[in-house]
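Look for chain A in each of the two complexes below; its partner is chain B in the first and chain C in the second.
Coming up: the complex of A and B.
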């Protein structure tokens, strides 16, 4: 299949427009659903709308009328009311009440559908499930030049027009009720004290969800609706903590998924040498899932890779500081005459593994290399020796450690033989300012509970940092 | 094992019953007896096996669903059911490529089970390794897996026009075309799920009710959760043919939710849920055997829905109607006790229990409407606690005793509030009004002994003076 302007305008452009408008509307509403932990309401509404669609179709007798949208919206809203009623009045657990309501309504819809099919009526479950993205045609334009003619635009397929209106309505509603949505989503208690009616906001959001679900249904099918209500919003959660960027990122990802999914479904198999295209709605959902997967793994702030790197850096830093502290204590022992010389490389590392919680030999070796590189340690005939800079840093660490031990025993009344572990952890997160707070003052004791001297603070250091 | 017993019963029942004369098969559900008659008449042994299998499926779903409900993960089943679609399609493709029979049921169900387990692990993984919450994770797995399945189906459809029709029946379910072997396979898988659930009952119970305690015992809560989900997958896979992947979740949710209305005990709830699930499965398959146009899955779900509505309305333990009734009864009792005390206190200044009081006196004392005073007095009269003399209510002997007890409770409680809760004497009357009816004999005894130690025990026949009296005076 070669690219032709005519085909693109007639088949691909309207489908792309419909898919993008639907996914963006879904993503905007879905962001709030995900934040409020009501993601599955979209699922429930999408299922529960089926009987409404079928009944409206049976009454109106045609697929084109707005009756179907109305019927679906009514059924969807009824479902949200029933779910809330089951939860409150009958005290059914929240996921179960969703499941009870939507599965019964969906079953009723299937039954009705089957009866309708028996009467040879042209409505089948497939169109509700998978959507008919590929069947949306825009026959009016004749080449790109004709796009300048307004009458061509007037002939835009009905589905696209509906979706454009719904998308605009969603954007307008969010802009209008931004404050209410934000406060009730993050702090329902505060919302109540501010006089915002949380349950009105809840039902408003549910109505908007029903509207989006229903409008998107016909064009893109229920799977895509559920996927797009949740996936872009969940992926955006991995990237940002702020509501405006949450909305922006999720809408962008949704549009990306729509375009990428459509292109992959339509042209992917052909690039691979197959003859036919695949289901576009399903492919868009798959791309949405892939985006979530990528976000979980690769997001710079909350992603798995970033978190792993941060964790490894932290443990390396701690191992490095523990190594410096260890060598400082060796020097002390040597000064007191308990030891002749500093430790050789291997025994220092083995000791570090034994004494520091969570350090492996590999980590210890990396910590040592780190110290040698930044010049806090040097090798002297196979022995590790602190440099001047390394000694200053180690003194600071040991001072923090012993100040904490003193504090824990004297101020908090802990037993001297219990404080080492705690001090071991706290010494790594003690800022110079905190160290000053901990210091007992000039007339206070200069020994820790184990009768080791607390190394003096470095006046230039503390001065610099406070 | 109730499930296998039922299976055997269905066989015997199906074979032994004489033929019925029901020829007109409507959409209306016939009674159970008629269902069996019709089945032996029309489809014989095969249909009986299908019905037994569906019943077994309902029982299995009922048992497994209880734990999903208590773990507050009911909709997990929905995600896992949707997640089986790519498994079915994948198994079909693989079988076709390596030249096996692509429609072999065990193969397709094995593919479904693999995909379901991957789905379960994905939900757990997303929750564990990201900041995405469980509800969103369930929705992601549900829609993305199903979308993948749809893409694969669209590929299969192009590949071989006829073959895909066989696969899409898994979406809505269809028992009409089910063979005896497939029904037995379904029943076998379901029976395995029940057996495993009963074997792991203790572990599941503890994880459902107190996951932290289970963790402190050294159990792997994540592992037990995964096992639980694996059982959900088993039930789902068993239900694919009969109910379809869109509705099998209903069998996992509705029976346990209905059983919850009947009892608070886990064993009973599990049994009730199994019974409700089994009954729904039975009804659905029978109806489908009667009228092939009735989609089995939908009928099963609607049958379960009817049972749910009935349970929600009438179940004695937590049903709506019994709860409302209990509430009304309690209110009436509270009203009667207040009226008794009003009568007692109206007669108190005269130092006799015999003096009468008009309705007006009573509602004046309680600041009630005339109607509630009348209905309270009516209740007292029908219980023989008061008698009416010339339009005046007077306590009978039993009534006087009851009134003394009620008044005593009230004043004990007032004393207690003033003494121990530091409530101002003018404020205790209302609180005592609210709580006095709930005082158990043990609590009363405790209050009495506490006050006796202080030497402040209110006399039982004639009331204490200062504390209670002042409060009463203030109110009147």
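Coming up: the complex of A and C.
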């Protein structure tokens, strides 16, 4: 496939426009489906619309008719009503009733489609299921200069025009009913008490979904519509925590998927040395799926990489604090005269690995370097020694630890030999306010259940009430 | 941190309250509610006293939430009717506020605390209109009232349980209702939030509002509420807490299990001490 302006305008541009408008419409509607935990509803409507599409086609006799849009929208709405009715009547969960309704309606659609295909080859399973993106042609323009001629634009392929209208309608509807969509998605009960009819909004959204599905089916196919309803919206959920940004990011990802999918399908195989291009709709859906995968891995807040980094930081912090606590306990032993000196560096780290749950020698080393760098520890002839700042921090930690042990034994009645491990975890997440609550009374308890002294609180923090 | 209520709600809406309400804030006549034909509430008759804090108490499955939801029109009644200030409940939506159970919504939803409080104004704003500056400011004032000004732009999943409950309370204040239904507003909150909620309830009452709460903690009923409705699929007793919080009534309500009787005895002792 070589690039020429004529080819681009005739074949690629209308296909790209159709694909982008379809995926963006799907993503906007899909965002609300995903937020309302009704993603499967989009799936159901996409399947259930099929008989509507075929019946409308059989009546109107052409794919161009708006009757087809209406037929699909009617079938989609009928499906949502049937799903709700079946759920009530048959005492099944809504997923089951969705499954029953959409598979039966889809099956009916397939039977009707065979009838239609026997009479007219203009509508067949391939077209409905996989889309006809490559067949959308814009023959009017003759080079880029001709784009200035309005009549060229008037000759834009019907599919693109339909999709542009639907996309504009979806944007307008969301803008108009933004508030109502938001509240009925978040708290339908409150919405009803405020006089906002939740089920009217629900059916409106379902009708809009049906509209988008049928308008998109020619471009990306009725099955691949499902991927576009869910994938960009689900990927955007990983990046956003406001509704406007959810809508914006999902639409952007959808457009990205459409363009990248089309380009990869058309040129990817050729770059790889193959001769035939791939089905564009299929590739768009694959890119959509890849975006979800990337979002799950790479999202800065909710992604797997970010989570791993956070977990590593946390375990380093815990190991660092455990090391300080360990050295503090050694100091106590030295003060009691049980030991002459503190441990040397290596044995301190090995002890840390043995005592702290989940610590490795590597982690212990990093924790030690951390302490040496931030000035809470210093090296004194091969031995680790707490600095003043390190000792104060360690005292706070050991205080939390022993306060928790006392609390768990005295207040919650746990056995003294069971509480160490729990206190080991809790000491790292104890805020000054929690510490204050653990130590009620002006004096506070001064011994833990193992008869070890509870170090006094930081003077700057006592008396502070939260 | 706390701001007096009259600075939060507009003076006009306070004036709207009649000096002496002729009708009870909530009259339930012979209400029966059934799930799949099995009645969960039988022949409920209740008249709520005006300007009061009312606790609905009863064991799990007694139909406490169901009663509230039926009054709000969220679930259909098999029979009976509900009047709010003398008119059918449907006609009075503008003066009824609702705090649902905290777990009833998805806290991962991509909205800020302020967005949620603004929802309390939606009934006033009307269909298809955006939230105006004025309503946003009113919502902000309600957030300030519950001490969450600093967290207004925080996404709601980043709030603690107590803070989430305060957001719901602020949203209810933003509704500027006369009658409030709250479904377990004290469930799973920290001590300071509990105190903030109690203060807000008292202030609402001082401004002539009536609040009906589903409440679980029998100990605090005498301290927090004036009236109690003891419910176990039917009304066991209703009236001033001091009158209805008797061991016999509580035993009838809870079926006389020992631990609860124990709680009841303590609550009663406190009720007598506190008056």
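The working rule: the second predicted complex is superposed on the first by the 398 of 466 C-alpha atoms of A that agree within 3 Å, B and C clash if a C-alpha of one lies under 4 Å from a C-alpha of the other, contacts with A are read in each partner's own complex, and residues count from 1 in each chain.
By definition in this document, contacts are C-beta pairs under 8 Å (C-beta built on N, C-alpha and C of every residue); 3 or more make two chains touch, one makes a residue touch a chain.
The shown structure was predicted, so the numbers you read here are calculated from the model rather than taken from an experiment.
With both structures placed on the common chain, the touch criterion links A:176 to chain C but leaves chain B unconnected.
In the superposition on chain A, contact of A:110 is made with chain B only, not with chain C. With both structures placed on the common chain, the touch criterion links A:403 to neither chain B nor chain C.
Shared-chain residue A:190: touches chain C; no touch with chain B. By the touch criterion stated above, A:98 is placed in contact with chain B alone, chain C being left untouched.
After superposition on the shared chain, chain A has more residues touched by B, the comparison being chain B against chain C.
Legend: residue contacts after superposition of the two complexes on their common chain; A:233 is shown touching chain B, with no touch to chain C. Shared-chain residue A:43: touches chain B; no touch with chain C. Using the contact criterion defined above for the overlaid structures, shared-chain residue A:224 touches chain B, although it does not reach chain C. Overlap of the chain B and chain C interfaces on chain A comprises residues 37, 91, 237. Only residues 27, 69, 72-75, 77-78, 126, 129-133, 135-140, 142-151, 153-155, 158, 168, 171-172, 246-247, 249-250, 252-254, 256-257, 260-261, 293-295, 297-302, 304-305, 308, 312, 318, 320 of chain B touch chain A when the two sit together in their complex. Residues of chain C that touch chain A in their complex: 36, 69, 72-74, 93-94, 96, 98, 100, 104-106, 109-112, 115-116, 119, 122-123, 125, 127-131, 155, 157, 171, 175.
Across the complex, chain A meets chain B through its residues 34, 37-40, 42-43, 47, 86, 89-100, 103-104, 106-108, 110-111, 114-115, 118, 125-126, 129-130, 223-224, 226-227, 229-231, 233-234, 237-238, 265, 269, 275-276, 278-279, 281-286, 288-289, 292, 296, 302, 304.
Residues of chain A that touch chain C in their complex: 35, 37, 91, 176-180, 182-183, 185-187, 189-196, 237, 240-243, 245-246.
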